[in-house]
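Think of it as A, B, C and D in the order they're written, each chain with its own count starting at 1.
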Amino acid sequence: MADRRALVITAPGIMSLQSAAELTPGPGEVVARPVHTGICGTDLELLAGVVDPAYTRYPLVPGHEWSGIIEAAGPGVTGLAPGQPVIAEGIIPDRVCAQCVRGHTNLCLVYDELGFTRPGAAADQVLLPAQVVHVLGSQVGLLDAALAEPAAVAWRAIGRGRPRPGERIAVVGDGTLALVTTHLLRLYTPAELVVCGQRPAQADLAAELGATRFEVSGRAGMFDLVIEAAGTAAAVERAIGLARRGGRVVLVGLAGNDVTAALPIDDVVNNDLLISASFAYTSAAWADVTALLSAGQIRLSPLITHRFPLEAYEEAYDVLRSASGPRGKVILDVSAP
Amino acid sequence: MADRRALVITAPGIMSLQSAAELTPGPGEVVARPVHTGICGTDLELLAGVVDPAYTRYPLVPGHEWSGIIEAAGPGVTGLAPGQPVIAEGIIPDRVCAQCVRGHTNLCLVYDELGFTRPGAAADQVLLPAQVVHVLGSQVGLLDAALAEPAAVAWRAIGRGRPRPGERIAVVGDGTLALVTTHLLRLYTPAELVVCGQRPAQADLAAELGATRFEVSGRAGMFDLVIEAAGTAAAVERAIGLARRGGRVVLVGLAGNDVTAALPIDDVVNNDLLISASFAYTSAAWADVTALLSAGQIRLSPLITHRFPLEAYEEAYDVLRSASGPRGKVILDVSAP
Amino acid sequence: MADRRALVITAPGIMSLQSAAELTPGPGEVVARPVHTGICGTDLELLAGVVDPAYTRYPLVPGHEWSGIIEAAGPGVTGLAPGQPVIAEGIIPDRVCAQCVRGHTNLCLVYDELGFTRPGAAADQVLLPAQVVHVLGSQVGLLDAALAEPAAVAWRAIGRGRPRPGERIAVVGDGTLALVTTHLLRLYTPAELVVCGQRPAQADLAAELGATRFEVSGRAGMFDLVIEAAGTAAAVERAIGLARRGGRVVLVGLAGNDVTAALPIDDVVNNDLLISASFAYTSAAWADVTALLSAGQIRLSPLITHRFPLEAYEEAYDVLRSASGPRGKVILDVSAP
Amino acid sequence: MADRRALVITAPGIMSLQSAAELTPGPGEVVARPVHTGICGTDLELLAGVVDPAYTRYPLVPGHEWSGIIEAAGPGVTGLAPGQPVIAEGIIPDRVCAQCVRGHTNLCLVYDELGFTRPGAAADQVLLPAQVVHVLGSQVGLLDAALAEPAAVAWRAIGRGRPRPGERIAVVGDGTLALVTTHLLRLYTPAELVVCGQRPAQADLAAELGATRFEVSGRAGMFDLVIEAAGTAAAVERAIGLARRGGRVVLVGLAGNDVTAALPIDDVVNNDLLISASFAYTSAAWADVTALLSAGQIRLSPLITHRFPLEAYEEAYDVLRSASGPRGKVILDVSAP
């Protein structure tokens, strides 16, 4: 396997497929072969160079949503072996800081993330600390597993919202994160599970993933739990308005630097709302998502609407940029399953 | 006692001390004699006529913060007898709606409140459903007890924030509610208990009630728990900024119709904040405050900076309107203890 | 309808079907016509006279599990009208005690219960305080609804256990309460939902209600959550043994006066277990169960294995006493739906 | 410093002070000089050889409760430097297992503990992974800090009980753990804080540490929260009996292999109790205790009733074995502060 490839953003605006040296795992590390690697809005921002420099290191190999197969395990690694199907946390927590030891690995004091500050999975090989690797059950489709990252984000957010069966739940947004969130919320058997989105073309996809209804505006004050997964000021304002008196709102969508939503103070206080923000994911969320995938309780691949071989990366990025027609996740097929 | 008095707001802008017929308790009711009755910003709004008409009924006897003595108990009332020192919930919950039966009496589907829709305690007598009356321990000073209402509001808000000993806690605001909140937070033995206020003249009062420090601006990102009790957009924005990553914010201050704060979406999400709003109080909060007062664990009377006999009500309202010098609670002394 | 009937236990050991005067609802009351009335182990104890006298009043009309139709509503009753299909909480909370106002209506300081201290629903009419009546959606089958009472018990217990999708959950017991609990737990989409029972003949019923497996012994230390619904010392001991390290156990089964289980102190501490007991039900649980039934999310009638007309009550009690073959709920059909 | 000493239990029953080679920290490690090292009942069991062999490795240097000074830090260690006063978690969590990443470091899948499976602090030097070391504020007395280990156990247990100001709280037991628990509970400002112990001679010590009363039997059914810290079947049974209806019980005391308490099933269910067991401590508890010590919010040294130089270890163990007179913690003074 002489010529390994890696998609490299040399500097903002400049991306190419390059050949890469073979990777060898050091102590406590593994090397995996990505099979499917998703791209998302943040990847567009990484290419454009608009992500806060504190969170990036160029040249940069993108790819933080992926599934693959272990190729090699380094010295001292136990429980991981070549051939195993795996996914891996993108954020690499240090495990020993004040946040990590409390289980808040999403708030780790040291930031390091696949596809941002260390080479990601849009490549034929990816190097990983063994401690962030999760082994999938043998029945799991790698296409389903490629969506584990947004699923982990959604699962952490859902946990903050403490859903209960029989509740009326709304998800604001109609993109990948919103639809993954919807699919996971299904597990709590809500009485209603409404996707409130701006693109009616997404309605069928929403239904297939478990929504009981798609609405553009939503009914104000009607929901026990509302999860905002669109990441715009308007969506945050709508989410707060959808919650019933005594209801709960979870904010998970990122809106971009310095974007503010208008928080109606008295409405929020009079309605006794609980507004939980949820950043990224915890290691616990990854473990849970791995188990849900492995038990066949979630099936995320219906969200994938576009697939391209790695070498067609430009086309993939173009599709992601344009928003016509129903669109779910865009995937780069990096290697054969 | 032929000539009982009641302070009456006949219509917005018109207030006078009038003589009132003697009250007799019906089944399940008691009549109490208010001893001390506080006035607050909302009373100014009731006089000005700017409170949402859905929550008022004129002519209106104000007075929702008070302590007093039971004069008579109606048929079927048990556990309450003339001579007992008491306080009473201002909001009269119906006890049977979907919110009440879950303990969320602050969200009762039927609104009825002393001093808003039913005659309050700025009068020689007040009529009360027995079910909202709380009997004080014999050691409790009625001046301390006169602040039970804001204490119940504060206690509900504090409970939403789940404080723990050793935490760094900030209270945003320097009015009565903020200082009562500070005094109650003391019970959790925080490592720091900072009052962030706009009026340095309140610093001594804050210290006397338990604050470890008074600051005008506060240190951003430093607090485990922040309670906003000022009720302005700037205060809400400051409160959100004061919370550390992974911290909690409680919003309890009301800001007035349609006032919005700028919610910095990405900061809130990246910081994984929990923002809990808290409306009014529950019956449970009143029971707890009654117990804390009765056990001598809280002492709120230092907050009282101005006292007037009932007949000097105009002067009392004037003092409340003007904000020069340190000012805590303004009290009308209605009858002898 | 000149001759209304009521099943009456005149004194322990003596039961007969008697004619009864027509009931008229007073203020705040309704009269309902029971359609289906279940009998349970406690009814056998009421007949035998072995229930603590503090909780009974003879002559006694049994019947605390039932569904029916409103016949008449008394003065001041709103939201309830003749013809509506209803269920009702058996325990009548006073709504104003220290427990009720916190939502803990199951711990109400005043005890009063249909079929124990006030006439129950094994009769052509039953008198009810309006505040405990829950109106069913028009689609709900009254047979399903007849199991609302054990469902409310199960739902309160489940809430104490905080289940999460993907967990391994065990229910210890194979009687009505255990199987209803299993059916409701299904709503949380556990990865495994194992019924650990003593009667393999119940396995099919368990499967129909949602169990993924029936086991006699269960695998020790394997479950995230275990709910004990059998009410024997052995079952409690088994439940504690089934929980994994860091797991949760809920005890809901009653075992009879003075029965003790052997609590293995060091195992419980080393395993960091959380053991929650759950007594009866709250009003909130009834509201939730009503909503789940009305939304068609639960279907309990498969649990009903035996039905008798009211006049065949002796046969019904006999069937309940004997335990051969699969047996779920025994129902008296009191009137036509 | 040619001749470093270590107390060594060569094999069960055989203990001596031996000379030891100087320790050098490897990567990620530090060497500390213990100043004060406490001994406890478990140390007696380690000497007797009655601790489960899965948790011990002989020859064994005891000492898991201690405070000291860093002497040297190995390569790659940051934030730790010679001269700093420190304490350290005894249980060394692996930080990467399924329990650790959720913050449940007390349930780490890999067991390794200072003074059990690796050399403890009854020695002139102790080798530590840097990740378990907590730096004390410069004001903290090392004698107070020597009790950090039982304080961490108590703090984890207290957190499970969710105390609130104004509650009636009982601690069952009168040994070190019970009294440390009492001292920490003080921070929540309970209305009553009763120590229920068997040795009235401990009453003064209990009062000094914050108890409002010492009782031998306690009043049944009167407490909102009861923490069992004695570790006997009778104490567990008493603890369950002391809780009020709807109350909470925390079990933290270990009773010895196979000891069972009689769990009164119906009482527990009727009383809707929440029984939480708490094993050892989490890293979070250590961080909290370090902060409480550093802020001067807790002062544990009054618990120390006996001190001996290291070489008088036999006398120290003898005192610990005999229980006449008030007795708190027995300390070995290993080196000068």
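To be clear about the criterion, a contact is a pair of C-beta atoms (placed from the backbone, for glycine too) under 8 Å apart; a residue touches a chain by one contact, two chains touch by 3 or more.
Predicted model only: the values in this text are computed from it and were never measured.
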| item | value |
| --- | --- |
| Which listed pair, A-D, A-C or C-D, duplicates the contacts of B-C in over half of its pairs | A-D |
| Rounded Å distance between subunit A and subunit D, as computed from the means of their C-alpha atoms | 42 |
| CA centroid of subunit A to CA centroid of subunit B, Å | 44 |
| Residues of subunit D touching at least two other chains | 104 |
| Touch-based graph of the chains, sorted into line, ring, star, complete or other | complete |
| In the complex, subunit D residues that touch subunit A | 93, 95-96, 98, 100-105, 131, 282-284, 287 |
| Subunit D to subunit C touching residues, read off their complex | 99, 104, 106-107, 160, 231, 233, 236, 245-246, 251-266, 268-279 |
| Of subunit D, residues touching subunit B in the complex | 159, 164-166, 184, 186-189, 191, 288, 291-292, 295, 297 |
